[in-house]
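Each structure below is given as structure tokens.
Two complexes, one shared chain (chain A), two partners (chain B, chain C).
Moving on to the complex of A and B:
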């Protein structure tokens, strides 16, 4: 009897201490979440302010309205910048996905003499910061006429050109797909290309989506390189470069809330693409392929 | 349906890692041939060279008289079953089996007909709409076999197809492969490390070691007349007992003197020794466990031993005994031949006398380990 109560007591004690530690963990997590969410909600709230165009130190708008959004489309070239960036996003997503996946599959499956040296070379090259080449890229592109209003084309080239070097993640994924699947398909009559798109691609949904997302998002977030190549030419501007103008010099007080509205709109396509594609993030898709 | 011919086939990995060499073999049309050997002997590599999944370093592989060295796997018209099934996880069983037909742009009705026929034979019709992950190991292996069956391939390659199955299922599938073979009359090349599979399935067996063929022959041939010590010990379970002893020639008669016993060589073996004019010499003698029998103490041919392990297999006993020199021997005794008393007395440490008949011995050269009569 005595031991039984003891066990019960210790059981209760364990439950209580678990509850306490859980509470502490959740408090910390909630605090982190608040800090993390604050900028998002801050920007959304800021974009609905009608009474001011500057930072007024208030979190919630005194008067709510869509004035900033209306101004954005009426008074600025925002729509054009948005279109430029979207085109760049789609083009980069398409080409970059093609390059990255081809590269990854090649390095994962084919065995050739230069394979290891090539991978090492890319690893070393990848250690240099990309902006080291910025001046050179500008020089070359200005010779080719790919700056200013043609900047979107130039930027697509830049985003895609060395994208094959970002093969690490997808190669790592392809490495986990058993090689015997390739071999079975080849014996079944498939060419290497058919193996790639009939067997490997359907099994790589998540990594393909990941690569597409990365490609699509790159132009939306790039400011540094884009601002050099675009060079203050409104016709070729991307949203990041265009919006920067509003925050510079004396404009900050007259354009801040509009900047926030633009920020919200920029977030829409990226978020939409992500939400649409995330359902394809299927895990464990290789289950049952081979003994394991 | 085709014959396969391998001539001086060699496989070298990197600069000097030789996996297979001097591989010469003629596989007849519709023959079931089994490559068997311990792991690393080059059997799978050879199969993969036939399939086109490995480059051939030297020599030629011919299928139906055509040298296929430089042909892609898809151009060789072969079908292959892999050890780990290699089913396409994103496709249903039906689509898995139809995969090769679809690549060949086979008409839809034809695809349907062939897949359902194969599924019928393999008993997997009710699983056709399932994905591989919803199948058990045995069912997956059937699908893998089905995938190979639907094609009219010239050669059917199987790379340890049963190794991933549990013992009971393996026996069942082995029997089914024998049945299957009668239904799809084509050339089979089967790789295994299991000598039982090799013996039961093969028309001929190719026994390999360290990249070299040791012996090619029917199951009976390799069992009755192993060309060397390796084959003798590899084929048959439990493995053949081998020990050094003297072969003594007295006129036209031969005797062996294992562990102080004296046993006359009789039957065909005696005649063969005489025909080859073999002189007295030290040899390695091989006797299969099932050919060992119990003897009475004091008989001239009795070898006294101590029981170390007694494995009761049901229908027979496997006795691991130790001879006075420390040599271990295995004796297989059918339980039906033993009295209850006798069986109970066979425990650890007990002394036992064993012997064997003169007609069941195998003689191997001490240096070369080759069979003296082969």
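Moving on to the complex of A and C:
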């Protein structure tokens, strides 16, 4: 505190230089914000273009209208894709949360012989590209009828089954809860299960929400696994795979503005959910970073 | 090289210390190899003694055990039931019945195991080749299916795993049986089935929690990965898909092909893609890291208002599904996209494009590479910014204040306090993001699709290779099942990616200062 008052007393020079540096920072920040938000405004404006369906190199539409949105719902399977993805999002959020929390809680707070070997095994498995597993999984799923139009079910299994391997961030969180809480509860005669859902879970709201959020977002952003399991069957597509087709070389000129309209519709719910729960996301990311 | 003492080490500047670490790392390699070699030898010796101990133990169990213990060598769980552990006993017995049932029924375990010709180079996986044969009823050739190599290998693999599980379970129940005998001999009570069930929510609670996640990982990660590693030693491709044509064991042929720089080898394509992958990963990680930190510092600067607004604006890129934003941005830079068209009108860019007969910016290898890195900055900064914000708030403020009294300016504060602190805390996560970038499928595939095509290489591994292809997108294209997909090469690439990640992790963990200067900021 003392030093600060000293500096303030040292004269106008410091204050003026701070004002100048702040102005520069403001200018840079405004520029950055513009660059970052530009694509989103661009995509919204593009979606209202009526005069063209292709890229025309203009930012603002010449004629405004909702034609793209109307076409989207009338002529395409978009609604079906949207429904598929939403179902996948909710299911993945539920199951993945269960898997990740069980795994991370166990590794963080319970001690057993296989703990270290299990963690090392998962570390090593994580170095293989996950996509490699898809060749076999696709073969098996197509035998079981879990590809093509049933792809959403297959994809939910794919997203959730191995999700225990992504335990790092929530384990980092559980590590920060003091062990004495467990011990106190144990002394009072609680079983380990009671410790889990009566003592630790009530304290872990933020990490639970973070895990749910990540699970919900996963199917919206995934292209690689989804495109492989869906195998170009329109009925089973997720939005990512379906809309990717529209920008292929042959289709881009007739579907570009419609892609933007669909993009807006996809972005609205996901972005709203995300921005509402932003706080928990930030907690997760920063917590994970500090833990390493 | 001479090892410095702690005091000498602390005298070094950051740069010298880093250089010292690298040198020490390289000097340490021979001793490592020695350690590794000794480790392997020790491992085998240990395994040997462990196996010997096991056999001795099994033998003494058999000779010293009573008739119940002896019986349970052949009938699973008999001993458990004899000592009153009916639940365990029944489960063991059930396992044995299922195992023998599966192994010996027609087209059961032994059937699949026998068909595999395991690791016999030149022999097919599966023995009966499907073919067209004349059919009297239809009066034409019809397809008579033979073996399906994919299935033969999968069931064979499962059977092998089952056999190991059988041996393990056999050993487990014999051991338990003996423990029961010892406990009873001391006059104590053995655990009943009720106790077992109770312990699942208490002392053995980890088993309850891990049952599902670990089963999931075993079935959907471990099993497929073992399977794909096996595929790398076969000739599984679109032409030999196992059903219409059996595939066969080829040994290390494909690994040789990958490293063959001559005609017909993939060496050239592999070298080019690997070096671009590493380069991409390096630039993507470090541009994001430093710029993201820079942005975080600006937002957190004293006197800057609307902090939350700036942050939210950046976080939008995380919130919006990547395929929407990335596909849109990639089109922005296309020849008729808004930015692409604007840039195309700048004289020297226009000249560059026309002289090389490029239509859009994406057609030029160099520009495409720069573009994906630049656009990745747009994607990646928000993540780093969020991480950095959390850490910046943890830096003790008095460090800054005392440095200001000593006359340090902002830049000095950044290089002497902020940067070292950040590097120290985020060192390990920097490694994670480097490895993630190696496999950053979305950014590359959605932005450039791996294009522009590399005309010098043409096709490699059955697919056309582009200048911006990473190992992972190359793998994806191979696995996609086009007319001449080479699944075996996809597996080889997967193994290579694993090796690259493993080696990098090993090196970086040994060089970064976090492990050495642990006391610096505490």
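Things worth noting here:
We take it that the second predicted complex is superposed on the first by the 259 of 292 C-alpha atoms of A that agree within 3 Å, B and C clash if a C-alpha of one lies under 4 Å from a C-alpha of the other, contacts with A are read in each partner's own complex, and residues count from 1 in each chain.
We take it that a contact is a pair of C-beta atoms (placed from the backbone, for glycine too) under 8 Å apart; a residue touches a chain by one contact, two chains touch by 3 or more.
Owing to the predicted nature of the structure, the values given are computational and were not obtained by experimental measurement.
Shared-chain residue A:162: touches chain C; no touch with chain B.
Touch criterion not met for A:63: it reaches neither chain B nor chain C. When chain B and chain C are set side by side, the one touching more residues of chain A is C.
Legend: residue contacts after superposition of the two complexes on their common chain; A:40 is shown touching chain C, with no touch to chain B.
Contact with chain B, but none with chain C, is seen for A:185 once the two complexes are overlaid on the shared chain.
In the superposition on chain A, contact of A:271 is made with chain C only, not with chain B. Contacts of A:199 after superposition on the shared chain: chain B is touched, whereas chain C is not. In the overlay built on the shared chain, the residue A:31 is in contact with neither chain B nor chain C. Contacts of chain A with chain B, set against its contacts with chain C after fitting on chain A, overlap at residues 191, 285-290, 292. Those residues of chain B lying in contact with chain A across their complex are 51-53, 72-74, 78-80, 82-90, 99-100, 103-104, 131-135, 137, 140, 147, 151, 157, 164. Note for the complex: chain A touches chain B at residues 178, 180-181, 183-191, 194, 198-199, 202-203, 285-292. Chain contact summary for the complex, chain C toward chain A: residues 150, 154, 201-203, 205-206, 208-210, 212-214, 216-217, 219-225, 227-228, 231, 295, 298-299, 301-304, 310, 312-325, 327-329, 331-332, 334, 336-338, 340-341, 378, 382-383, 386-387, 389-391, 394, 401-402, 404-405, 410, 425-429, 435, 439, 441-442, 445-446, 472, 475-476, 479-480, 487, 490-491, 494, 497-498, 501-502, 505.
Looking at the complex, you find that chain A touches chain C at residues 3-4, 6-7, 18, 21-22, 25-26, 28-29, 32-33, 35-37, 39-40, 42-43, 46, 54-59, 98-100, 102-103, 105-106, 110, 112, 115, 118, 122, 124-125, 127-137, 139-140, 157-158, 160-165, 191-193, 196, 217, 220-221, 223-224, 228, 239-240, 243-244, 247, 252, 256, 259-260, 263, 266-267, 270-271, 274-275, 278, 281-282, 285-290, 292.
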